[in-house]
Every structure is written in C-alpha cells, then in structure tokens.
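A, B, C, D and E are the chain letters, set down in written order, and residue numbers restart from 1 in every chain.
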Amino acid sequence: MKDTVNSTTDGTTGGTVATDHQDERLQRREGLRGAFTDVVERARGGDLGVIPVVVGLIVIWSVLQILNPIFLSSQNLVNLTMESAAVGVIALGIVCVLLVGQIDLSVGSVSGLSGAVLAVLFVDQGLPAWVAISAAVIIGAAVGWVYAQLFNRFGVPSFVITLAGLLGFLGLQLYVLGTKGAINLPFDSGLVNFAQLAFVPAWLSYTLAVVAAGWLFASGYLHARERRKAGLSSKSTSALVVRSAALLVALLFMVWYLGQTRGVGWMFVFFVALVLVMHYLLSRTRWGRSVYAVGGNVEAARRAGINVRTIYTSVFVLCSSFAAVGGILAAARLAAANQSSGGGDVNLNAIAAAVIGGTSLFGGRGTAFGALLGIIVIQSISSGLTLLNLDSSIRFMVTGAVLLLAVVVDSVSRRSRTSHGRA
Amino acid sequence: MSPTQQPDAVLSLRGISKTFGAVAALTDIELDVAPHQVVAVVGDNGAGKSTLVKILSGVHPPDSGTITFAGREVDIPNPAAAHKLGIATVFQDLALCENLNVIQNLFLGQEIRPLRLNDVAMETRSWELLRQLSAKIPSVRVPVAALSGGQRQTVAIARSLLGDPEIIILDEPTAALGVAQTAEVLNLVERLRENGLGVIMISHNMADVKAVADKVAVLRLGRNNGVFDVGDVSAEDIIAAITGATDNAVARRASRRQEGLPS
Amino acid sequence: ACGSTGGDGAATSGAEGGAENAKVAFLMPDLASTRYEQQDKPLFEAKMKELCPSCSVIYQNADSDAAKQQQQANSALAQGVKAIVIDPVDSTAAATIVRAAQAQQVPIIAYDRPIPSTPADYYISFDNEKIGSLIAQSLVDHLKAENAEGGILQVNGSPTDAAAGLIKKGIHSAVDPSGFKLLAEYDTPEWSPEKAQTWVSGQITQFGDDIVGVVAANDGTASGTIAAFKAAGKDVPPVTGNDAEIAAAQRIIKGDQYNTISKPIKIVAEAAADVAYKFMQGQKPEGKDSLYDTPSELFVPTVVTKENVKEVLFDSGIMKASEVCTGEYAEGCAALDIK
Amino acid sequence: MKDTVNSTTDGTTGGTVATDHQDERLQRREGLRGAFTDVVERARGGDLGVIPVVVGLIVIWSVLQILNPIFLSSQNLVNLTMESAAVGVIALGIVCVLLVGQIDLSVGSVSGLSGAVLAVLFVDQGLPAWVAISAAVIIGAAVGWVYAQLFNRFGVPSFVITLAGLLGFLGLQLYVLGTKGAINLPFDSGLVNFAQLAFVPAWLSYTLAVVAAGWLFASGYLHARERRKAGLSSKSTSALVVRSAALLVALLFMVWYLGQTRGVGWMFVFFVALVLVMHYLLSRTRWGRSVYAVGGNVEAARRAGINVRTIYTSVFVLCSSFAAVGGILAAARLAAANQSSGGGDVNLNAIAAAVIGGTSLFGGRGTAFGALLGIIVIQSISSGLTLLNLDSSIRFMVTGAVLLLAVVVDSVSRRSRTSHGRA
Amino acid sequence: MSPTQQPDAVLSLRGISKTFGAVAALTDIELDVAPHQVVAVVGDNGAGKSTLVKILSGVHPPDSGTITFAGREVDIPNPAAAHKLGIATVFQDLALCENLNVIQNLFLGQEIRPLRLNDVAMETRSWELLRQLSAKIPSVRVPVAALSGGQRQTVAIARSLLGDPEIIILDEPTAALGVAQTAEVLNLVERLRENGLGVIMISHNMADVKAVADKVAVLRLGRNNGVFDVGDVSAEDIIAAITGATDNAVARRASRRQEGLPS
C-alpha cells in the first residue's frame, strides 16, 4: 500500500518554501516579527486559547485589589494557591468528562466519600497513610468504572447516572462517618503537614522556575529543528527565546513574591504537576486525541476504529479518581473529614472552573490549563469577597456580578470568532 | 460456501437484509469482490448503497445474511473489526471530527508513536498524501470545520490510504471534488487495483463508472437488480437498470435536448 | 498547653499593638437559621463599637461549608485581626482554624458551638444539646398535661450539620424516656422547610391521627410541618421550634405552633464582644466554667410558648409588636395583650 | 414560482393508496391491527416516546408499594400530585431551555426570589394578591430577558450566566427578605388555600375527564378526515376509539381513586393545564418548530431565516417566568417564604425531571409531557422514601439506587434505537 | 454603480473580499446575474465558491466590497435579510436540522398557519415537491437523520422552491443525486429560468454546466479567472481556466486513456 501511494510523490518538498507554507493564499510570516503578527492576527480572529481568561483574571484582580488592598498581598495569594488545589484537582477531572461531552455531577460526593474513607482508615483503623490514600483513590476509580459500565451498557445519560451517584455516595459518606459525623486528622501527620505547612524551599523554587523555562526552550528548539529538517515551517529561535524568557521572569517573580511570606506550597506544586501531566496526556498521546475525537463526533471516532467505550471508561475513571484525590487534599487541608465535606458548592465550582477555563459543555474543546485558570478565577472571587465585610445577601450578589464580569471579558474577546466564521 | 460464489472473491455477501423501522433498506443482497477488481455499485437515491457500505464497514450490523472474507465467514460487529480485517472505507458523510485539524483527522486511531505523538512525521506524511490527491488545502493545522466540502472529501480519501487495507470502499468519493481532484482519485483507484486491492466504488457518475470499474452491480429499492461486466453494457443500459425503466427522466431529457428544445 | 501558648501569644501581641483601630473577625456558620445575620451580628457589632469605637468587625458567613470557613479564617488572619470569634460550621473540623490562629498568636473564641478536640481560648454559648432537650421536654410535658395518647414525630436538622446532630441528641434525651412512642424521625436535608413538609405529609398518610405532637428542630422546619397538617386538612398538633424567628412568634401567637426557644442572643453576643475586647487588649479573661479544657461561659435559653411569649420576646425588647402583630396576627396579639 | 412547481405535478395523488404510503419498501398497515403492529414495530425500533418513562415509573411504584403499602394509598397519591406541581412547573421551563441546547441553573434562586417578592408585597406591604403575583412573575421574566441579552450579545455560555444568576438572585432573595428571614403567608388567603386545600369538586373532575377524552377523539377524528380528504393515510377510527376510551378509563379511574380522599387539587390541574399549553406551543406553532430547530442545528435554523436571538430570548424569559410561577406555588404550598426557599435541590430536581422525562441536554429532543412524567418519577421516589423510616445515610443511598433503577429501565427500552440505526 | 456593471443585472457584486484568519478566501470578486439567466460558478476545490455563496445569502459578512440588488446597494447582514430580498439558497452542506422530519425541514421558518400549524397542507405540498424532483423518499415523517445523502439533498433543493425567490443559488445541487434526480434538477433549473428567475449554480460537472448555464464564471484561488458565454467555450477551456494550466491532471488522464492504457 505504502509504495503505491509514495510512487507518485513528486519530491518537491524541502525547497526554499516550507512544505506547509506553499499555498499562495497564505500570508507568510517569519521570525520574531512574524510570530508577533501571528498573535495579533489570531487575536483578531478570536483564536486566543487561554488569553481571554487571563485578561478576565487581570480585570477581576484589579477590581478586588481596589476594593481591598490586602487582596494581592503575598500572604493572601499564598492562601489562594493553597485553597485552589483541592477543587482544582477535581476540576481537572471534570475537564476530561466534559471533553467527551459528558458530565459528572457526583464529584463533590465522591470527594467527600474519599475524605471519609481516608479518615476512617487512617485515624480510626490506624492504617498507614499510603494504604488509606490508596484505598480512597481506588474507591474513586471504582465509582468511575461503575458509571462507565452503566453508561456504555445501558446508555443512561451521564447526567442521571451521576445524579444518582451524587445522592448515593453522599449517603455512603454519611454511613462511613457513622454517628461521629466528623473525624480529625492528626495535625502532625504528613498528610496534614503537606496540605497546610509544607512549602517548597526558596532555592528549590527558583531552581524549578529556571528548569521549567529551560525545558520550554529546549523542547521548543529541538522541535523546531526537527521540523526544519523535515522541510516544514518552524518557530524562529528568537521567538522561542522571548517566550522562554517571559515564562522565566513570570515564574521567578511569582516565586519571589510568594516567598515574601510562606512561599509556594507543595500542594499547589502537586496540583500544577497534575495539570502538566494531564496536558501532556491530552495533547501528546493517542489517548488524548481519541478523547477530543469522541467529544467532537463520537460516530466519526467509532468509525475511525477507536474503541469508544474504552475512552468513556478511562475518562469516567479518571474523573472520579481525581475527585477522590481532591477529596483527600480537602480533608488534609481541613485536617478533618466531616459530613459536609464535598457538599455545598464543590460540584458547581469544579464544573464552573472547567467551563470558565474554556471547556465546552458540548465536548471536544478545552485544555487542562483551563482547569488551572478557571479555579484561580473562582477562588480569587471567593477569596476577594471574604476580604470585604459584606452581608451575605450583598456578598452573593457581588459574587455573581464579578463572576459575570470575568466571563464577559473572556467572551467578548472570543467574540470575533463568530464574525470570522469560526462559530 | 454458497455455490454461486466467485471462486476468487476476497469478499462475498449473501442474503444480506437490513430494515430500519418500517423501511426495508436492503433485501437479500449478494455481492462479490475479487482482488485486482473494481466493483462499482450504482443505484438511485435511497437504493441502499450506503447502507450496504455501512454493513461492510461494521457501522450497522445486518439483520440477516452472511459475509465471507478471504474464505472465512466473518462477523463485523463494529468498525474496529472491519479495520482489523483490512477493510478501509470512505463514508458518504465523510465521518470527520470537525474539531480536529487535518493531521489529527488523517491519523485518527492510527497515530504515529501513541505515547509521544510524532507530529513532524505525521505532518510530513499528510502533505505527501494531500499533494498526491491534488488537494488545494492551504494549511493542515486548521480544524476540518474550516475546510471546503471538496477539501474535506480529499481528507477522508487520504485517510483511507493510511494503514494497509485489502479492500477499499469508496462511497461517492468524487461527489464534491473538482475536476482535477476527480481525475486524481480515478488514477488512484486504478493504482489500487494494480496493487491487488479489491475496490468497491459507489458513484452516480456513469462516465466515472465506465472509466474505472470492472463490474457494475445495480441496486434498486434495496434489491439486486443485475451485475454487469462493464465492457458489455452501455451507460443507457445501466441507467435503465437503475431507474427500472427505459423511459426515464434521463432518457426523456436527452431526447428533448436532441429535439432542440431550449437548452 | 496549646491554650496557654495562645494566651501568651495574645498577651504579646496585645502589648505590642493595643486595641485601637484593631480588627476582630466574627465568623458565623450558616444561613439556614436567620439569627446569625438578624441578631448575632448587629448585636456583636454594636457592643464592639461601644467598647472600642475605632475597632472594626469583619463579619463572614460560611454558608454551612467547613472549607469555606477555613478560607474565611485564613483571610481574616491575612488581614491582621487581633481576635477571632467563631461559630464553627463543624466543631471537629474547626480544630484547624484554632491551630492556624494560635500559630499566629491570635486568640480565638468559640461561640455558640464548642471546639472539643483543640481547645480554643474561650468558649461562650448556650448548649445546643440542651436546646434540643428543652424544646422536646416542654412538648412532652404539655402532652402529658393534656393526657394525649399516641406518638411523636421528630424533624431533625440537616444530616450534614454538626449542630443539628447535637440538637437531635438533646431531643432524643427528652423524647425517648417520655413514654410517647417515637413514630418516625427525619434528618431534613439543608434544613429545608419544603422537605420537612413533604416528609410530614407522608407521615400523616401513614400514621394519621396517631400523631399527637411534632418536635421540629428549628422554626423553618416547624413551618413546613404546620403547612403539611394544614394542607392535609388536619388539626395541627403541638409543634416545637427553635430560634424564635418573627414568623415563629406570629405562629405561636396565632396558635399554630406550640413553642420555640429564645436564646439570650443579646447577652451572649455582648459577652462575646466583651471577651474579645479583653483579648484584644492583651488580657486573658478567666472563664466562669471550664468545658473541653476551655474557659467557658454558658447561658441558658428560654422556651417560649403562648403563655410567656409576651414576657420573653416583647417585654424584654427582643421583638417589637409593630413587626409581629401585622394583619391576621393583630387579633392574637390583642388577646395576649402584646402592644 | 408556485406555478412553475405545480405545473409538473402529475396528479397521481388521491388514488387507492395514500400519497404517503406509495413507496414499495414500506410495509403497509391499516386499521386497528395496523395501529397495534405499528406500536410493536416502533417499540422494537426504540421509538417509543414517553412509554419507557412510564414503564420505569411503574417499576418504581411497584417497588415502593412493596416496601410500604401506604405508598399507593389515595391520600399519599393526592400528596404526590400536590407536591409535584411547584417543581414541575419549573421543570417545564427547564425543558424549554434544554430544547434549545442551553441550561438555566438559576431556576431555584429565581423561584426563591419570586416567593420572597410575593411575600413581601402581599404580606408586608399589604398589596392585593394579583399585584404581588404579577410583580413576582414580571421579575422572573425580566431575569430571563437579562440572561438572553447577555447570551445573545456577548456569547457568554448560559451555564456561566445562570451560575452568576444563581448566586446573584440568592443574594437578592436574602436581601428582599431582609432581617426577618421568613415571612408567613396567611393560611386563609386565597393563595395558600389554592395550594393546600382547593380540590376540584367530584362532578367537575368527572366532567373534565370526559371532556378530555371526547376532545381527543373529536380532534383525532377531524384530523383523520382532513388527511383522508387530502389523499394521505390516516388513523383508523377504531384505533382512535380505543385510544380515547383508554384515556377516558384511565382518567376516570384516577379521578375516582384520588376522590376516595381529597380528590384532584386545583394546583395540580393548573400544572397539567400548563403542560398542555406548552405541549401545544411546542408542537403546533411556528415558535415551537423554531425552538426544536435551534436546538437541533442552530446554524441551519439561522440560515432558514429564523431569528435565533428572538427564540433564545423567548425561551430564557419563559424559563425564568415559569421558575417565578413555581416559586409562587412553592411559597403558597408552604404558606411561607423563607431564606432556604428554592435552595437545596430544587435546581437539580427540576433539571433531572426534564432529563428523566426524555429531554436531551444537547438540545432538540424532548416534550412538555416529559416534565410531567419526570417530576412524578422524582416525587414518587422522594415521597416513597419519606414513608420508610430510614437513616439519612441509607435514605440517600436508596434514593440514588431507585433513581438509577427508574432510568435504567427507561434506557434499556430505548436501547434498541442504536442497534436499529437511530443513534 | 460601477461602470462595468451589466445594465440588466438583478444582482451585482463588486470587489468582494473575505479573509479567514491567515487565508484569503476571496479577493476582489465581481459577478453579475440577470433575470432569465443561469450563471454557473466553477472552480477548483477551495477556490472560494461556497464562501461567495455564503456571503450572498447572509451567512458571512464580506470584509469589503459592495452588493447591488435590483439596482440598490444592499447589506446582507444575516440569512433572514437574504430571504427578505428574495435570495433562496441551497447550501453545499445542506443546512438541515437532523432532528426534524422532512416536512418540518421543508417548511422551517415558513410554516403554514404559524399559530396552529396546518400539517395536512404541509404534508400534501411536501409530497408534491418531492415527486416533482423524483425523490425516492419512503416517508416524510422520518427525521432527516435517517435519510440517504441524495434524499437529503433533494429535501434541501425542494426547500428553496418554497417562498417566492427572485434569485436561487444552488451550491453543488446535484453532487449526491442519482441520474434521474440530476436530470429533474436540470429541468427545474431550466423552468426557473423560463419563469424569470436568476440562478447561480455551482458545479464541478462540466456536462451539467454546459447543458444549462448561460454564463460561466471561473474562480481560481479566490480570484476571478474569467467569465465566459457558455456557447463560446469548450469544456477543456473551462477546465484550463479552473486549474490554471492546459496541462492538467484531467487532460493528462484523458490522453493517457486515449493512448490505450488499461482501463
């Protein structure tokens, strides 16, 4: 087969113009200047990735800082990072299910259940922490597996399956906690320490920042070289240098600023690491491709030979497992598991974080970084408003208004998309 | 094996039926395809051609009937099974993921280096394939949603050439293609035949059918309505078999035009 | 040990900063009961203003979410408060907040609900368990006096709310030995009156006239209970309540609800402000009691029925007749001589 | 234009075979027998409309009746009908937004706000009931209008808009209730009476039942005659008689059985009337067509010249207005408006009712009757479990399990759809 | 009005350009259509034909350029505006609602009796239209999702005949149609012309173009590449204009076949 096809390749590739830039309708851009024009052009075309969310974030940060100057203080930002981690991890799982066009309403209950299981095994039963943690995560994964079976076999809408899960696992959580209702995790346990007091030493933070920027440069450089070799267009080295330097400066500044008080929490680093791993899985593996394909057009994915059921299963399992991990982090952060853990607005916040981060509820569009940005938007609003001394009624109204503001900014900057025909 | 089966057929269908609700889409269909052979399946709109294709590629299970592939009776419960047997299909509705770009669609399910995608290799190969089909696609990094109808069809055709199929099924592959692209696809079909593949091509264009097919199987209202050697029949005969009458709209139109009615 | 560390810390910080222009955090647990925003907060703020005109109060409500309360406490600490008064959403989980505050030498006062596992610096309350037993006992006594025969329904608070658990325990302590059969009980999700109404409607179907009284854990669930009887076209048996909302006072006056309980919120809130101010000044107030290793001050709430509603709620100035005696309640008020 | 097209119509219509039955691949079915075969065939093909939900309902009714024999008692069923009305009306609005592929998360808050406004105006301000009711409904409609503007102008996802609304209007509700927190509605007011004690007199109920069945027959008969006249196939009169008689018997039985205790509540009749009106609007008007079209393929609807924005606006306004009406009914039923009205699981229940009733979360599929059936499933579960004296933990688990059971039954009977190629 | 405009044109485009991101899809396009005239627009895949159609029917706004309709310069901001002007379009991607049935799709936006739909009248009229196009659709009460490709295309064409347009735009109307249906559509186009409508037809089939068109406008890579009177040019000339070369894949294939290579 391959021979047939290759036999007529006319070998014009690798000339002076890169293979992918030969169409005469394409405006060509090269070098640093080209990269810049490209960004501007993409911005006008509404194809901006996460930039709009970042803009929205900057707007609400400014508003909140004006309302209370403590908001951007180092200490408050450290709180912000630590408080984002638990729900952020849950939102990461939500991104995955939303990508395949499904939903999981039970992440709150599953996280609560996981916290309860952890507390019972670790505190009441006195098992080692790793056993308790594994058990909690395995239960989470099992929940996702059951959802996937129900979904794949019976075709029950995931909304209803997970609504049933929401109720069922809330019940199980209460049952596991029993009459006690709440269990404290010991303050001197590694787990609580990790979530409350463990911060990355300054030297290590700076090193990590440099490594991250260096890695961005190196991988970008190698990739560009490979593309050039294959006769394809590639990012110019100068553009790469600028990007890496920008990242470096941003990271160094962040590390330095947070370092003014407690620094960067290990829990936050853990969350960011998970985001990076998920980003890799979603964008650089066949599994990730299949997830987007299933979310975009499940029938097309099936016809391409993708085992759609496996993809659904993996995604539901992943989401519930992340919910369980989030529940463990939440319990560790609170140093307790109680009846209301995972209740309240955990579900809505996790889903909202994913959606605010640009994940489509209809499937096929979204990124792992969206969860990171989305949760930071949500936690910023929540944290910013706790700094204002407001009545609950006013607080709710202001929260709603600020949330809307953040997202309108985002949507307006995306808006041109439609008028440029990318609806 | 059924006695009427061609001895050298790589794919044989016997008694295939399929009903959708109250509509009998296919009734008792027979079809044989040999290697080095291009079988054209023709028929009116709604005759059941695409339904047949979907059964062969595992999209729908047949209600009854048997499929024999390379001498063994097989079951094609899902598209993955068809891929495994070596049946590649270009669907009439293309079945592309609009949110993915051209490269991602081309290599969907058969990505190079699954655990760390090799996008340089995939991009290079994509350009090769598309060039070969004379595709006029300015960039392979745009989502398929942004392509024109013909560009999409070219992508779908290019995709079926990846992998290493034994049978290629093309459901109206040239419907949206420009004249140059159509010519390339016909060339391609001939090359595929030379390479020993069996090709099933569905088309409404009698000129294309006459040009590349070896055999023509006619479907009418979901039933077999004759299999012809392409050398033995005229386009008019095929059309008569398709419409079920020699006095059909095409013939009427042709005669009207010959009589010199306003064109 | 922790308590004393906290105390020392508070002393130091007090010595440094004094109490002028200081901030104090007042962290309330939920919105299910209206009292926190309606009564506790304004009373506390007023008393604080009186003690220290330049001080400011940071009020937060955690809306029944322990994690949110933790966030609120952290942000209060980030704002440099000199003391925290906290009504914990979850008595157990609040331990973290106590630790965080004490680690920064900020004294912390448990308000309304105790924090047993990690002693706070002070504890001011009336006891929720006691409330449960008081309202239930009052009902049981009433039923006995009426020679009622039959059983009792028990409408508890939210299954995920620790305070509701305490009240439930108190109710059981009165109902179980009373001789009246406990027909059924229900943990009302989110304290929702609608849920309580649905449940009670079902029980009316099931037990009919066997129900001689209902112990409802707060005034909201009581209102749902009463509506259920009305909607079933039945006479409303005596129903308890708790929180002394205005709507409950109206129902008591009209005779729809049997009792509610008035917590001396004014006294407690003002006591809390007093204690907080002392801590802010760097003193270390002595408790009148000691509960859970914490210096404590406990107040006794009063059960309100039709008999004493005038005296407890109106004569003391907790409520104004003009607010309560509107429209259809005017008649009842007049009968009770409430003006 | 018309002439052109008509000029070649060959006039073969109106022969012995109905115009729409002339294709020789169609299996023909006529008369009562044909109607029956048709149902069986459609059942096998998975094209069952609401039948699966009804089957699911029957299954859980049986289960609950076995668990507690009071469940199907007349009194309990009367309760069930009365308790369904408020959330049912809200679910009706949700069906509309889901049909266009959007969502409204704020129906709970809006219903709470509407109850609060009603109580303040009616009780505190002493305004006449109709003024208070109109004000509450108008506020609801205004909320929907604002959502629609944000959605149409900025393209903010409705999930986020209404999430902001959820928070904002909850705040407004608290604000409106002010320091009181709860306001009693007088038990002797017409409103409370309507929601609690007003039942349709027996003679009128029976009359209504007969009228409904008669109307079904008459309209069906006239329609069939019209179709026959136009040379199209039509339902046989005998099939119509059977259907109408079945409806008559069912309604008479229901009226009789509920009449054993209190009878059929006016509030329930009001809800059913709303369902019928919405059913008419959705299935028999251009507006309804447009709603389905927008939900199915918004770009195609736009290209067909439909003013898509108007449709979105109408749907959001309708949904919020229904939420307001639901809030009024809920307040009337409780005889009080308080801070937690509309909170808790009102949102989830309303959305779940719509989804269980067969409305797709992706738009374009669903019916008004779905809301009716869905809410009855949900209230049955809730009511059935209140009759069992269970611990909360167990109650939650059983609720989840029963919900799942109901929907699995439904989905399994729909399942064949895919295998028959109607995925 | 531009000096080059045809005096009798009902629709004239001048200087129309449209860019999608980095791709210039249309640059400076001119086009005139008169009543009683069929203008064929041809071009390679991705030449910008459908983009032009979408601009005329209000789907995309043009980046620059003017549209003159019946002597007035007009703005077509959305499809409703195009409908109001009397421009009816059959889109290449058909733009049908898959969840609605055939009748519902046909009458979408122009239902009979908006407040109490008259489905008997609509169904009768649907059958009339479909018969006339020789559509082989077993039932009009099935959702469009269940139709074959050709059946759908027939529905889309039938839809454009409702209402009372002055201009009909057909974007590859016969791509998925069977031979009989294609003949009927060509007949239809001729009837439309006789009734005084202006027709813009896009097609890759030179035979169809030569059969019904009066003028042929060629697009190449988003630019005008000549307008021909159909009587003056041969199919080969048009193809040369489309591909931009006389030595193209079509010509090569044709000559190869004449030299007697295996067919």
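What to note about this one:
Note that in this section a contact is a pair of C-beta atoms (placed from the backbone, for glycine too) under 8 Å apart; a residue touches a chain by one contact, two chains touch by 3 or more.
All figures in this text were calculated on a predicted structure; none of them were measured in a lab.
Taken together, chain B and chain C share the touching chains A, D. Comparing chain pairs A-E and D-E by the number of C-beta pairs in contact, the larger count belongs to D-E. Comparing the centres of all chains, each the average of its CA atoms, the largest separation from chain E belongs to C.
Each chain gets one centre point, the mean of its Cα atoms, and the points for chain A and chain C are 40 Å apart.
The distance from the centre of chain A to the centre of chain D, with each centre set as the mean of the Cα atoms, comes to 37 Å.
Note on chain placement: the centre of chain B and the centre of chain D lie 45 Å apart, centres being C-alpha means. Of all residues in chain D, those that touch two or more other chains are 23, 25-26, 174, 299, 391-393, 421-422. Within chain C, contacts with two or more other chains are made by residues 31, 37, 159. Among the residues of chain B, those touching two or more other chains are numbered 20-23, 136-139, 146, 221. Per the contact rule defined earlier, chains pair up in contact as A-B, A-C, A-D, A-E, B-D, B-E, C-D, D-E. Across the interface of their complex, chain A is touched by residues 31, 37, 56-61, 63-68, 70-72, 74-76, 78-79, 89-93, 95-96, 99-100, 117, 159-162, 165 of chain C.
By the touch criterion given at the top, residues 20-25, 60-61, 221-222 of chain E touch chain A in their complex.
Residues 57, 59, 78-80, 82-83, 89, 91, 95-100, 104, 107-111, 114-117, 120-121, 123-124, 127-129, 131-132, 136-141, 143, 145-146, 159, 161, 163-165, 191-192, 194-195, 197 of chain E are the ones that touch chain D when the two sit in their complex. Partner chain D is touched in their complex by these residues of chain C: 31-32, 34, 37-38, 159, 184-187, 189-195, 197-199, 201-206, 219-220, 223-224, 226-227, 230-233, 245-247, 250-251, 256, 323, 326-328. By the touch rule above, chain A contacts chain C in their complex via residues 70, 73, 75-76, 79, 83, 86, 174, 181-184, 187, 196, 330, 333-336, 338-341, 343-345, 382-383, 386-387, 389, 391-392, 395.
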